[in-house]
Every structure is written in C-alpha cells, then in structure tokens.
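Each of the next two complexes has chain A plus one more chain, namely chain B in the first and chain C in the second.
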Partner chain A sequence: MTDGKKVRIATCSLAGCFGCHMSLLDIDERVFDLMQLVEFDRTPLTDIKHCGPCDVGIVEGGVCNAENVHVLKEFRKNCKVLVATGACAITGGLPALRNNIDLWDCFQEVYQYEGGLEGGQVPNDPELPLPFDQVRPIAEVVKVDYFLPGCPPPADAIWKFLSDLIAGREPRLDYEMLHFD
Partner chain B sequence: MSDTLTIDGKEIPYRPGQTIMDAAMAAGVYIPHLCHNPEFKPHGSCKLCMVNVNGRNVASCTMPAASGMTVLNDTPELNGARRSLLQMLFAEGNHLCPVCERSGNCHLQALAYYLGMTNPHYVQFYPSREVDASHPDVLLDRNRCIMCELCVRASSEVDGKDVFGLSGRGIQTRLVVNAPTGLLGDSALAVSDKAVQVCPTGALLIKRQGYRVPVGRRMFDHKPISVVQTEGGHD
Partner chain C sequence: MEPCEFPHIEQQLTPVFKRQGQGADRLLQILLEAQDIFHYIPAGALDCVAAQLGVPRTRVEGVAGFYSFLSLESVGEYRVLFSDNITDHMLGKPELMQYFCNKLWVEPGRVSEDDLVSVDSTSCTGMCDQGPAALVNGWPLTSLDHNRLDLVIELIRARKPVADWPPMLFEVGDNIHRAGVLLGEPFEAGAGIKAALVRGAEATLKEVELSNLRGRGGAGFPTSRKWGACRSSPGTAHYVVCNADEGEPGTFKDRVLLTSHADQVFEGMTVAARVVGAAKGLLYLRGEYRYLLQRLQETLARRRAAGLLGRSILGGAGFDFEIEIHLGAGAYICGEESALIESLEGKRGRPRNRPPFPVAHGYLDQPTVVDNVETFACAARIAEKGGAWFAGIGTPESSGSKILSVSGDCARPGIYEYPFGVTVREVLADCGAEEPFAVQVSGPSGTTLSWREFDRRICFEDLPTAGAFMVFRRGRDMFDAASNFARFFAHESCGFCTPCRVGTQLQRKIMDKIAGGHGTASDLEELKGLGRLMKDMSHCGLGHTAPNPVLDTLEKFPDMYERRLKALAFEPAFDLDGALATARRITGRDDEWAHV
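So, the complex of A and B:
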C-alpha cells in the first residue's frame, strides 16, 4: 500500500482491556515478517505519546471518556485507514454493560461500597479524564474504514487482515475468522 | 403446468399448499431465516427470508409456492437488505456476544457471520430491558430477545401453556410472561418445554449448562448456518 516504503502503523486502547493488543502479539514468529513490512508510530509498545501521520490506525476499545475522544480524533486525523478492532471498538463491548446504570451509582459501587479501597472516596483529581455516562462505539464518533470483530479477534484474523491491507488487497476474512466472541 | 418454480435459476418442485420456504427447504436450497422454524406456523415478522418473486419482494415463509414463479434468493441486493435488517436487530437490543452463553449456537449471530456483517452500522440503542432469573431452571434475558415469538408459538401450540406473549408497540415491545407477578418463576414453564428449546438467541437459556461446550467448538463456529440447516435438522 506504500510502494516499497514501510507501512506506518499506530495502535491504541481506549475503553478496552488490551486483549486485542495481546492477540496481535499472538501472531508469534510472524511478528518478524510483520516487522519487515511495517514500523510503529504511537503504540503501547513504542511509548510514543502522540500519533503522527500513519498509513494504518488500529483502535481497540470503545469511547468512555473525554480523553478517548481526543485520542480517537488524533488517530482519525493522522491515519489514512482506521480500523475498529474488537468487540468494544465496534459495539461498546463489555464496558457498555454499564450504559443502563447511573454513572454515580457505578462509582459508589466500585469506590465506596466495595471493600478494600482505602478512604472509600470517588477519585476526583482534575487530571483524570471526564467519564461519559455511556460507552459508545468509535464509529459513532469518527468515520471508520474497517471493522475487525472478535473478543479479541483471533491472531490469524489480525494477521490475515493486516497482510491483505499491506499488500494492497481488500481485506477478506474467511468464515472461521469472523467471530463476535 | 407442472408444480415447479425456479430459485436462482434452479428448478424446484413443490406440493400444493407449500410455501416457497417449504419447497426450498425440501429441495435443500437455503433461504436465510430467523423467526421461521418449520415445526411451527410461519410468523413472517423478521423478513430475513425475503425473496424476489417475479420482480416483487415477499416473505418466502408465508408466500404460497405457485407454478412458474421466478424466485431470486442469493443475490447481493437481497443479502444486503438482510444484512441491514440484522444490523437493526443488533442495534436495538443489547447483544454482548462475548458474555452470552448462546454465542456460537445463536441463529442471529450465525446469520451475521453468514452474511458477513462486521458491525452494527446503526447507532446503538442500548435499551433498558429486564432480566428475569426467578425460574429455578430457565433464565430469561430480554436484552437478547428479538421478538420472534417462537417461544410464544411453542408454548401455545406444543406445550399448551401460553406462558409467553408480546406486549407493547414498536420499540417498546417486550416479551411478557403469563403469571400474576409477571415472573417466569411463577409461571407454568418447565425446563423441558418446547418453548425453552426453540429460542434462536440467548434470550431463553437453561441454567447450569454454561460453557459445557467451549467457545470454538459450537454449532456455527466452523460451519455456516446455511450448511447446518440444509444438512438436516433445523438446529
């Protein structure tokens, strides 16, 4: 897709569990092949804090707070192709289980009623991102080019998807690679 | 004229009284469907089985087969419309497949796989719907109910109990339970009832069966629903 130059990829986890990133690492020794073809911009692996111009952006997790929106918009602005990766990015996923529960009730349950937390206070440091009352799929905030489902998507599906994309083919998943669980 | 019609160019016989769906099933031709189950009277509500007959779209589960019909079924247009119907069903419920015990055995999900649906497309409703865990052996999770009325039909036609019904209109429609309290635990439902077996989704689940068959080894994990349902056995 880049005429011989290495494909530059950025990844991030918003309201996700890093499971999709783990699944990416699960491609095992194929990671060596991948590294011949790609270089990483912002990812949890490189510790680069902001996303620069990239060919592909891989977003794990839905949008649950204000910081998620900023990161997501930065990805959309810089990435030619944006991929919603995993159930949470695509549907909100398990974090969206809280969508019908009042946010304050959630906080109280976690920080005040649940034992073992010192002080029993809801954290309110101004540096903490503002939480939203609902977790939403990323496609409700920015335009998404591709969806790669699964919780997480199997390593083989990620590999197939990325190799198609890098080779300039329309990504196509076989039946057994398309999973919502 | 002989009693035949064509589906995607293939000539298929039918007996008078059969629907297009009946004739297709008998001939091993798969037409996607969700609220239909050959054991019960057709309901015609999910519209997944929509086919094009002589230029008009009709529900194949309710349309009587007739001589000389030219039926289109497996076309990009119809499959695209079916995919949109599925996306609406996903967006208007709460379908968290990763934590649903039916995942891999679910007809709704299997159709999404079959039709290559990768995302819900529409803005998610995240509706607030009740879970009823009052029954000792059966769980009712309305978040996953697609209002197909298969349990309603099975309970009345086979079990003779009328445990289930639909109440409300449009997006407010909910599955209701025939009990003074409205709770499954106070109804006449037994775990062996046909109504429990026919649910195509994870809305009605038998308790204490969780993950006996691991994810990855379930009905639709390796075979598409089109193959499972034409190889024999509706499930």
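So, the complex of A and C:
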C-alpha cells in the first residue's frame, strides 16, 4: 500500500459501543507487528480530536446525530479507504432499534417520565449533539469502500483485513470469519 | 386434542372445522374463513386452530403471517385494497386512493378509529384492462372513479354488508377483442375426454407430444415431457394441479378463461388425469379471483352431473377423477410451482429445493403435474382435435396460440389471442396504441422493450411470455415503471433466501433514493452489481427475475435515470438537515450545531 512509509490509520466510534475497538485490541501481541507497519491518526487511543490525511479510516457505529455526520464527513474527506466496521456501521445495528419509536416519545420517556425526574425538561444546550429522527447506516451518508461485518468483527477478521490492506492485497475473509451462528 | 381456551371463538370456528375437515393441509383454507368471520385472525383463533388441527401454534402463526390477505391485527369491518400495478397508477390510482382516504378520514395502512375501515395497496389484482381496481373484503371493484368511490364511501358509512352492494360496482368484463382457437371456436364439454378415452392414455400422451405443446406460464417446458415423467413416476397416488395463481402484474387471461371457458380448463385437467393416472385434481385459485369460486364450483357440479367428473367418467371403467378448488391468499410467490404445492399443503408458500421435481415428488410427496390454466385449455383442444392440428398453428418451436392480456396506453385494452409468432407491432396496432414508446412483455419478471424492438415476435424462440403486455406511450417515464416493479418484488419476496430478501429491498431503496433526487452515478453501478448478484445467487425464479425491469430500463432508457441524478460523486440517501427537523422542534434549538 505504501512504499516503506507507515500506513496512517484513523478510527472513530459514532453510534456504537466501542466493542469493535475492543475487538481490534483483541489482536493481542500482534499489536506490536501492527505498530511496525502503521501509525495512528485520530483514534480514541491517541486522543487526537480531528483527523488529518490518512490511508485508512475505520468507522464503528451508525449515524444517530449531527455530530456523527461531521465526524464521518471529515473521515471521508481525509481517508483514502473508508471501512464500515461492525453491525452498527453497516446496518444501524442495535441503536437503530429506536427507529420504530417516535423521537418525541423517546425524549419524553428519557427526560420527563423517568422516575425521580420532577419537572424534567428536554435539554437544549448547543453543545449537545442533536439526534436524527432515525439511526442510519454510514453508507447512507458517505461512500463506503469496505464492509467488515460482525458484532463485533472477530479480532482475527480485523487482523486479516488490515494485513491484506497494508500488503496491498484485495482483502479476503474466509467463510469462518464471516459467519456467526 | 386440547380444549380451546376461547369458547366464543371456538364456537364460531366449529362450523368451519366441520366444513373443512381437520387435516393440516386445510390450514390455509381454515384461516381464510377465520379472516372472514373476525375481519382478522385473533390470537385466540390461532390457538383454537392449532389445537384443532394438532399442529404447533408457531406453524399456524407462520402461515397467518405469510399471506397478505390474512391479518393478525384488526383491519376493520371493510378492508379496501387498491391495486398497485403500474397500469392502475397510469389510470390515476394514487390520486383516487388519496381522495378515498381523505373522505373517510383514514391514513393508508391504518384502521379508522371506529374500527370501521382500512385502506391500503395490494399487488396487481388482475383487472388491468378495467382499472383502477380495488378489492373490498376480497371482492373486486373495477373502473374506479370519483363517482364510484363516493358511492363506496356512502355504503361503508351506512355499514351495508358488501353482499348487498349494487352489483354494477363488481362488474368484471371479459373484453375479448381477438379470439383464436381457444377462445373463438365452440367447445363441447366432454369432447376431449371422449376422444382421450377412445384413444387410450398412451396414445393421448403421444398426441400431446405431437402437438409440441409447451407450458403457457411463461417457461415453455414441453407438456408431454412433464406428463410422461409424472406418468412413469412411482407413487401411491398421482395428482393434477392447475396453477391459477395468476399473480404476474399485468396478466389477466386466466381470469377470462376461468370466467368464460372453465369447462375447457377442467376438461384439460381431466385429460391430464387420464394420462398420468390421477384420481384427484386441485385448482389453486388466487385469492384475488375468489369471486369466481362459486361459479367454478357450479361448473364442477354440472360436470359431475354430466358424468365428466366423479366415478367411471363417461363410462370408462376405473377412470375416477375429482377436482377440488383451493384458495390462495395474496402471495405472488405461490405462482412458482413448488411454492404453490407447499401452499396447497396448507403451509407458507416457500419454494422447495429442486430436484426432486414435482413430477416425481410433488403434492404430499407424490408425482404431480402442475400446469398453467391456459396449458390445460390447450390440452383439452389437443385431445379433441389431435396433435397435428395444433402443431400446424404458430411457429416451429412454439405451436398453437397465445392469449395476451393487453393493458396500459391503448384504446382497446383486453384479451387478444394470436397464433405464436405475432410481432409486437401487430399487437400494438390491433389494440389501438397511440405513439407507443415501450412495452413490458410478460410482466415485471419479463422483458422491457423499447420502440426500437417492436418487430420482435411473441414466441419461445424470441419473446416468451406468460401473457402480460403493458403498453407505455411516449411521455411515460419508464423509471417510474421500474420503480413500481422494484416495490412489487420487495413486497413479494418470500424471505427464504438472503440474495432475494435483502436484494429486493436494497434495489427498492436505491430506486427510492434516485426518485427522491439523491441519486448518483455510483448508485447506478450499485444497481447493476446488485442485479447480477440476485440473478446468480437467488433460490428461485422470483429472485432471478426481480432485477429484470431495472436492468432492462437502465440499458434501454438510461436517460430516464441520468436526468434524475444529483451528482456524479456520492450523495447521502436522505435529506440530512431535514432529518434533524424533529429534534430541532422538540428542543427548540436553531443554533449552528443544530444543522448539518
């Protein structure tokens, strides 16, 4: 993929649970091999806040609010290859279960009816990301190059996928890495 | 058998169980009657049916959930379903349905608050030559306009039972504009059977082979090979099944055959029974044609009285044959022969793995012949007049005639019977099509023809068809047609295999994205790749053909897609800022971060 230069990778979690990131860490001691080949831009590990020009962007989670869109668009703009990682990024996943519930009902349930909330109000601070009426897969918002399925994708699948990509091969996953029952 | 916990429900179902019997294969027929009684299938009825038939409740619920005309939630006293075919759309269906909903204060897909009425769309009801059409509690309403709908609204508000509505609302015309050997020449009931009895089973099969008759459902499999294979397959019983699940949008020729030429169809089934050695025949009548049931039963009774059905038919010792009619319940997939057999057995209409083919392992795992209505009508004629006569009509590889159901932009929509080999141009001239621009041959699963291809011929060598012939004049948008068909397939996929279940949904979504003005060039590439995948990987013909209208129109009318594209690069599938509007309203925010 690069000539001697380290591959630059950025990762983020949108409407996800960081489970895919945990699965990435599950590659265990292979992380040392990985660090020989790559360097990280924005990730929860480096705590860099904005993503610069990168080779690979790994996105976990679907799009549930306005901030997610800004992050996702920044990733798309800066990453040569964008990978939707895990069920939520690919289909909306668990957070998308709220899609059948009216947003107003959600807000009422959380901020007004929940026990112990006297005179609760829906918060309106501009610092809070504003939610969409539906949670969306990231492919509905930006062009996605690869989809890495699983909840989370197994560490072996992430490892195989990344090593193929870094070696400049078309990533291929065996059936065992793609079926989950 | 366990006692049912819902005595009032059980009480109402008791006569149904008496009438239908208690075999598990009666499940679908029983649920159809339960739907009539309660206007939906209450949970208690599921329990009762499960207990009565001795099948698991999950199976009962699985069947009830599969068919469109069965409902697990109340659909009101009156359920009005507007036919959603593209021809209905071209005749004004969307506006009429909106008008109807507004006047009744209901939203499409919802039940009115007083539980009186619900309004929704349904796949083509087979009334394309007299649309826009709808079904009210299963009865077909034709040629709808504002006046007729006003009357319907009045009747519903007055809570008049559908049986007492004025008959003129339910008039269904045959509209035969061109008759050939099947529709035009007089047929005497019994003539085919008599000839078959004189000739003997073996020789009758020989005649069918000589006739070169091929299946009229569109696939064109040689009928004699099917019958011969069934005849030589060992089994405890053999069955003859008539496929009258005419679900392909734009097709309505079987409706006309069953309305005015039912004798010929039953005669063909009886001849087939003689050849394969069957004692029982089944006619699978699509739910949309339920209004024909009584008349068909009367025809069967008349034939029984005339000695053309029952024991020792026309004095042929040991030639016993009975025909039973099964109702479908709104599932296109049941036109696929193995799904149809599953449905006959009272199950969900899920296509089987093939092989084994139905001729060896079909209904109740016994050798079964499944043929189209029109094929049986042809067979009756062949038995009567001989194979050579039939083979003399049409083209070398497509003998006989073909009945076309013509609809869409033409002066005289209806039924046209031609010898095989007729050109599209001739048909267009006969039906009075003005400035024809495109024709959808054989329905959504068939071929989209552009005006450059009107010299192609209707025959198995060139354009095989089940009979649909939908005409589009200049100015019609073929993207809309393809979109309509994509919606149809997404609704009708049985859900069994992933390429089709997911593929049809993705196809619909991308078409919606393009229609909504969010499409890009990469979406067109996505449609092509998706189409190839569905064709290669799907389990049955539904998935194999579901991408046809999209791929055909992409190839032949690319401008109709391209002019809708927003950009060549990727675009989101929806209005991002618009999707934040609800939350903005709730929070009262309008700051910079409340927009994207």
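In this text, the second predicted complex is superposed on the first by the 172 of 181 C-alpha atoms of A that agree within 3 Å, B and C clash if a C-alpha of one lies under 4 Å from a C-alpha of the other, contacts with A are read in each partner's own complex, and residues count from 1 in each chain.
Just so we're on the same page, a contact is a pair of C-beta atoms (placed from the backbone, for glycine too) under 8 Å apart; a residue touches a chain by one contact, two chains touch by 3 or more.
As the structure is a computational prediction, the values presented were derived from the model and not from experiment.
Superimposing the complexes on chain A yields a three-chain arrangement in which chain B and chain C clash. Looking at the shared chain after the overlay, A:57 reaches neither chain B nor chain C.
By the touch criterion defined above, A:84 reaches chain B but does not reach chain C. Looking at the shared chain after the overlay, A:171 reaches neither chain B nor chain C. Legend: residue contacts after superposition of the two complexes on their common chain; A:16 is shown touching neither chain B nor chain C. Contact with chain C, but none with chain B, is seen for A:143 once the two complexes are overlaid on the shared chain. Of the two partner chains placed around the shared chain by superposition, chain B is the only one that A:93 touches, whereas chain C remains out of contact.
Judged by the touch definition given at the top, the superposed model places A:153 against neither chain B nor chain C.
Contacts of A:180 after superposition: chain B is touched, whereas chain C is not reached.
Of the residues of chain A, those at positions 134, 136, 140 touch chain B in one of the two structures and chain C in the other.
The residues of chain A lying in touch with chain B in their complex are 84, 87, 90-94, 96-97, 99-100, 134, 136-137, 139-140, 144, 146-149, 151, 175-176, 178-181.
For chain B in complex with chain A, the touching residues are 90, 94-100, 103-104, 109, 112-113, 116, 118-120, 123-124, 126-128, 215, 221-222, 224. For chain C in complex with chain A, the residues that touch the partner chain are 522, 569-570, 572-574, 576, 579-584, 586-589, 591-596.
Listed in rising order, the residues of chain A touching chain C in the complex are 66-67, 69-70, 103-104, 107, 122-124, 126-127, 129-134, 136, 140-143.
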